[in-house]
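Structures follow.
Here come two complexes built around chain A, the first alongside chain B, the second alongside chain C.
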Partner chain A sequence: MKAISQTFQEISPADFFYRNREIAGFANPVRAIFSAIRELVENSLDATEPMGILPDIYIRLSNMSDEDENFYVLRVKDNGSGIPADYVPLAFCQFLFSSKYKLKQSRGTFGLGGTMTILYGQITTNKPVKVISSTGPPKIYEYTLMIDIQRNRPIVLDRRIYDNNDKWHGTIVEVNLEGDYPKAMPKILEYLKQTAIVNPYANITFVDPRGRLYKFERTVAKLPRQPRETLPHPHGIDVETVYRIIRITRCKTLLDFMQEHFHRVGKRTAQRFLEFAGFPEDADPKKLKPEEVVRLVQAMKNFNEFLPPDADCLSPLGEDILKAGILKELEPEFVAVTQRSPSAYSGHPFIVEVGIAYGGKIPVGEDLILYRFANKIPLVYDESGDVSWRIIKSINWRNYGLMPGMPFAVLVHICSTKIPWKTVGKEMIADRPEVSREILNGIRDVARQLGAYLSKKEKAKYEKTRLSIFAKYLPKIAEFSAKLAGKEKIPDIGELLRRARKIEED
Partner chain B sequence: MKKISFSTREKRREVLARLERFGLDLYEQLEKGIFPNITMPSRSIDNIYYSPELRQYVLGDKKIKRSASNIRHLRPFAQLVWMAFFTHELTQNQKTSTLRDVFYSAQAYDISFKDQDESDDIITDLETILGCTREDFNVFPEESSAVFGDLTIEYTIPNYEGKRLNLTSHPDGVMIGPALTSAEFIETSADKVIAIEKGGLFTRFIEERVHERFNAILVFLRGQAPRSTRYFIRRLNQELGLPVYIFTDADPWGMHIAMVIISGSANAAHIRELTTPDAKWAGVWASDIINYKLPSDKLEDIDVKRLHELMRDPRYKDELWQREINVFMRIQRKCELEAFSRYGLTHIVDKYLPQRLKDLED
Partner chain C sequence: MKAISQTFQEISPADFFYRNREIAGFANPVRAIFSAIRELVENSLDATEPMGILPDIYIRLSNMSDEDENFYVLRVKDNGSGIPADYVPLAFCQFLFSSKYKLKQSRGTFGLGGTMTILYGQITTNKPVKVISSTGPPKIYEYTLMIDIQRNRPIVLDRRIYDNNDKWHGTIVEVNLEGDYPKAMPKILEYLKQTAIVNPYANITFVDPRGRLYKFERTVAKLPRQPRETLPHPHGIDVETVYRIIRITRCKTLLDFMQEHFHRVGKRTAQRFLEFAGFPEDADPKKLKPEEVVRLVQAMKNFNEFLPPDADCLSPLGEDILKAGILKELEPEFVAVTQRSPSAYSGHPFIVEVGIAYGGKIPVGEDLILYRFANKIPLVYDESGDVSWRIIKSINWRNYGLMPGMPFAVLVHICSTKIPWKTVGKEMIADRPEVSREILNGIRDVARQLGAYLSKKEKAKYEKTRLSIFAKYLPKIAEFSAKLAGKEKIPDIGELLRRARKIEED
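Let's turn to the complex of A and B:
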């Protein structure tokens, strides 16, 4: 074997994302400006909603200068809880620093998006980011920051402190970046509109570079139920996670270890599991050999008697909020929504919510209209690869009195601690049988409701027509038979018309 | 010269009375506060039978009921009552109307027909209910045929009432329209009726003075005879007692023109007074093609198919028809009335006609 001389170079997470920015959605100026807005808006929503604050989000996109149209200043302001001053540089300018490393549903997972936006802005414009934040009086902090890409460290260029006399709390991020707004505009507006559908409790304002104002106003003052942090479910575990838990655990026995660190594992379940896995109950988790850890993880995946994960860690919209969002943004004539019971795939709990909107301002298109959401984020790219698209195309809509070409739209929202993405691009949901079954049943449920509405409407229309036929022809029959019979008086048909109405009611 | 009793005025009074009874029946149902209904014989195929006694198609016992409480019946119900009202007006005022006219007239009363077929259908309903023809209540089709011969008639229509006309007055014949249909027959010297399918021969017969030479009233059928013409022929036969001879092309279609005059059509099974059962198909027969060596054409597939249908038709069971159908099948030839011209323009009148009439009278 020939020895090869190689230079190994450790790269920082910031460097890694710099080199692989397309996976975070920053592949080109069109996609980048879309992703920048999306990431900052989602950060803002995550800074408000979980704290019980009704979000007010203001987005302004303007040209950096008059000369070059391809450079923009993006400013996003929220009324969130704000970031403690000392954490601001790390929160925005260090990769994999995040408040989101716990197991509950949230929009982002690793706090990657916000930092990625800043990184992208920096590498395209060589300008710093400005972050202004306050957790409330007495002070407001303003940072001017850059990222040391190779070392994955924030560089603080400037730090100012202001008095907070207006009791403001929240965060403002102002980033410079290269982009192509004219081309990205349709998707950005679609994204904001769909965000408004699943966040009807938010005020979202967008001012674009040409000064056009788009307002998405709050119509419900109620927030979705907040997720509770939970332990990982044994079905969804991997070797690395088990090692991390072993490192921090204080448990002396596997029996305690199982109960203490895993979701919905009680004493009896732990005992039965350890017997199934072939480990003594009093084995010390810290003394497990590497191959034993692997065997333990395999056994966790194969043991069928764990209770399914519960959905406390999820924050579905709820039927009322989903309905309100659909009514507000799509303005349909009819809407039906359903929330499926919690379910799980591979130990990850999820809930599917489905809506259907018909008529009103829903456009008539040649194809079906589908709106997809994951953890309250609209998915506006790569529709045709999504499991929901496959499902709505496979449904025989005629069974519900519907057909493509009628004005209706289907909305599918899946929320989970771990969305089953199809690709790293995070725009498509994968076709997991547990998930697709819930989506299909949800769509069937709302389609049935719409079908019932349409047939009722049809019946009411028919009834109206029916009565108008009686009202039109009975008088004619009375008139002409009276004339034929040579009678002056035309028979009174009022009673017959009343009875015609009753025939149908019977 | 025969003197004939008046008939059309009585007929009119009867029709008016039937229409009024129809209206009164509905009126009384309405007065009782019930949804009125009408019962009439069904005209569907499964209720049409051939009656050997009457020698025509008749309706069976199946009835259909139209009720004003049924949403699907309401529109035709109202159309029917209007139709009765409208034709009563026509008949009472001695005005006539074509089928097309009726269709348009409805609009003035806010009664709509989606097309003329629909209004024609309602007229047929009214015929079925009243048991008389639309000509009786003064509704006529557009097409008309003609008559020529020594028959004096007296008009009963307004402005012409009492005026008389001899049907030899016009060398083209007199159109069998509403006025003639409702005219009374006054007197005639004729002792037979000769009905002819085609206009060319009708004119030839007049030119050759067939009406004088054979003491005949000539009727031009213009192909398949309209109902007013069939009714007129029946009157000539029934009221004047004249035998009727029909001349058509020698093919299945010509045979059927004669047959509809004799035994009527399935479409008119609800009407009794359109047929002339004693009328005779006088030619041109298939056997004439052989016997008179007439120029002929080969039967087409569609002719053969039609012959097969006629062979099974109950109206064609008599010996003459069966014999001629068989001859057609055997020789696979057909010919037109004009084929006699091969032997000169007057041959048919000089030779064929006298012989045939003599044969049939015997």
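Let's turn to the complex of A and C:
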């Protein structure tokens, strides 16, 4: 055997994501410019809607200089809550520092997107990012920042403070980056259009490098119900979570402990559970032995009488908003939407919303048209790996009088505190039986509605033809009959036509 | 506007992967037990082969207790180089601490797998991991460890030191975890079988919870060429990398700097490049301004005269080993293999190796059979999202006299310092034009060889029939002709038959 030389090394989280940026959606200049816009827009939406603010988002992408077409300045401005001044450097230029590690629905989940965008901009252009933010008067803060990637720390190059005389609140991020806008353009526009479908209460403006203006205007002035932070559900628990709770709890008994720290556990449920699990009600949680903690966690997973998680921590669109968004951006002839009841997988609550749109400006494609959304984010890459795609391909559309090639589109929206992502790039949703069942039932529901509409439309068309034949020939028959009978006065056929129409209306 | 309350929080890398364990392959008990075995086996292979050791790997999975079927003890033992005692806690129980952050081919890339396995075991069973390791005499170290997830630090519960009288070197990891072996079994056995195909120089033994023994025996006593650590290629560079090099360089001029720190840059190339980029040869790298660094990096990307990266840092199997592995595990009637010349994408060198196996024990399936490998790792999940699957589906197999349903299997092996993974779970390879071209050409090459074999076989079969007809009727014709001619002696037809056979052989 040769002498062994292994060198070990510790790297920072920033360095890890720098080395593996493709898994976060920054593989190449085409994908990177798409991801940069997506991440900043989503941060803006998360800084407005949950605070009760109707979002106004302004995106401007321009060339860094006239000489080189591959370098851009991306500026995204929102009217959100703003970031408290002292947190700006950390929130933007340190990995694994975020406001998003909470148990409620939000667009961001990994808390990486903004920082990843800034890192990518820095390693391709060597320029700092500019962040301007205010949480409201009296001041506006402007930071010029870079990331110390090896140490995972922000570098503050400059900080300026301005008076906030216009009562502005919000955040502006201006980042320089390498990109390939011409190639990324179709996906970017598709992304913005679909964002407008699921966020019809937002104004989104995009000015592209050639100066073209894309406006997606607000048509709904009402925000969806906002999510509330929630406690963990016993079915979604693991040993680590229980230890973290034990470390901070003030409860002296397991009976209190169960009610205080877990979602939907009242006194009676707690009592029944502890009996099931074989723990005395007055046991001190802080004195549980390691193997007892495991036994408690296993019992939580196996106890079937916990109430399912409720949906307070979720923020679905609701049928009205979803419908408004579809009508606004897709302009179909017919639309049907449905919201499924809340359900749960492994203790994580979720709600599926489904829409179907037919005719009007819906294009006729060779294949089915599917729009996928998760926590109000459109998913525009890697469709074929997604659970919803598998499901719409498995449906026998003829049962509903439909088939691929007819002008209809299916929309699937999944809200959850924990979307079962396949990847950090957040493009594909994994196949969980509980989730796929809801998607399938939702699609069936709206497909039935569309089927009924189409068959009614078909029937109406038929009746119209029938009546027009009556209307055409009855007068002639009446005239002819009158002549034949030698009568001068042609009988009034109005009553007859009215009756034919009435039959139809019954 | 409501009062704004955003709470920011910093989490450790361990906490990040704890919260997002599904993206690393630990989504549920079925997948987790598969991933645990895979990660530990790959660590063992990486601890043997690169050190010039023929791998002996022993895997034992047993139930933790008789009562609960869902808890297992997984023990993986190798004869590798061992981990220096002081590094054991960090190497196993701290995220982003690894020996794998080097520019050469290795199975591990993220340096997460082992630690992720231990974390998953800990949060499902609350039990520590046991690691026994020795780099050779005089001592063997046995650690009992847990992970402080919130702080990303190892907790050493126990450390024992034994005399190493048998000159043993290697590592044993024993981890307790929740799992579902019955459901994971088919994938685990498939994984081990395919690992044996690409590592025919390894002995792999697996004892499963029901005591069944699976042995994959070494049939090749030769290791593939080992990879050498390499310098970064100018085409794969970014600003951050150049800064890191500037920080540590001792070069006083750009001319030296280019030759000293970049792959395949000699004096003449460096001179031509600096002229192309517009930098004086004697410029001091440490005095470059930020915008000059960007200009240098851009010039490196755009300069077409750098030599392509060489393949020293890669460790392909080679045609002999690949063939041996296929013959050993698949037992086909015919096998063809090809190794493509080294190529590169974005400055990352790679080599594609392709095999095709026909007949024998190759099963007849409804669809094509594809075995995918990356850096000697089999990929057994998410086939449909992989570049190789797309390519084999796009090929017109009839051109080679083949079609789905015939008993043949295609094997694609990609080696690279940077496999273009789609996800941290390392199951799908992304579609890079340079890579897909090599895969396609490789498959065409072996498909042609198989096509030629089959057509030859067909012809041989035809000739055999033809000759057997000659052999059957010529004597009768000879006899009959002799009688007819009134001759007694029947002529010798041996010469005639030999000539018929000779025509065939020409």
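Following the convention adopted for this analysis, the second predicted complex is superposed on the first by the 461 of 506 C-alpha atoms of A that agree within 3 Å, B and C clash if a C-alpha of one lies under 4 Å from a C-alpha of the other, contacts with A are read in each partner's own complex, and residues count from 1 in each chain.
Note that in this section a contact is a pair of C-beta atoms (placed from the backbone, for glycine too) under 8 Å apart; a residue touches a chain by one contact, two chains touch by 3 or more.
Note that the structure is predicted; figures quoted are calculated from it, not measured.
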| item | value |
| --- | --- |
| Touching partner for A:Glu495 - first (chain B), second (chain C), both, neither | first |
| Touched partner set for A:Ser394, first chain B, second chain C, both or neither | neither |
| Chain B versus chain C as contact partner of A:Tyr473, first or second or both or neither | first |
| Touched partner set for A:Ser341, first chain B, second chain C, both or neither | neither |
| Touching partner for A:Ser65 - first (chain B), second (chain C), both, neither | neither |
| First, second, both or neither for A:Gln122, with chain B first and chain C second | second |
| Which superposed partner A:Leu484 touches (first chain B, second chain C, both, neither) | first |
| Chain B versus chain C, judged by how many residues of chain A each one touches | C |
| First, second, both or neither for A:Leu90, with chain B first and chain C second | second |
| Overlap of chain C and chain B interfaces on chain A (superposed complexes) | none |
| Residues of chain B defined as touching chain A within the complex | 19-20, 22-24, 26-27, 30-31, 33, 35-36, 68-69, 71, 74-75, 77-78, 81-82, 84-85, 88, 109-111 |
| Residues of chain A defined as touching chain B within the complex | 466, 469-470, 472-474, 476-478, 480-487, 491, 493, 495-496, 499-500, 503 |
| Chain C residues within the chain A interface of the complex | 1-2, 4, 6-13, 15-16, 18-20, 22-23, 27-28, 51-53, 68, 81-84, 87, 90-91, 94, 96-99, 101-102, 109-110, 122-127, 135-136, 149-150, 169, 238-240, 244, 290-291, 293-294, 297-298, 346, 382, 384-385, 420-425, 430 |
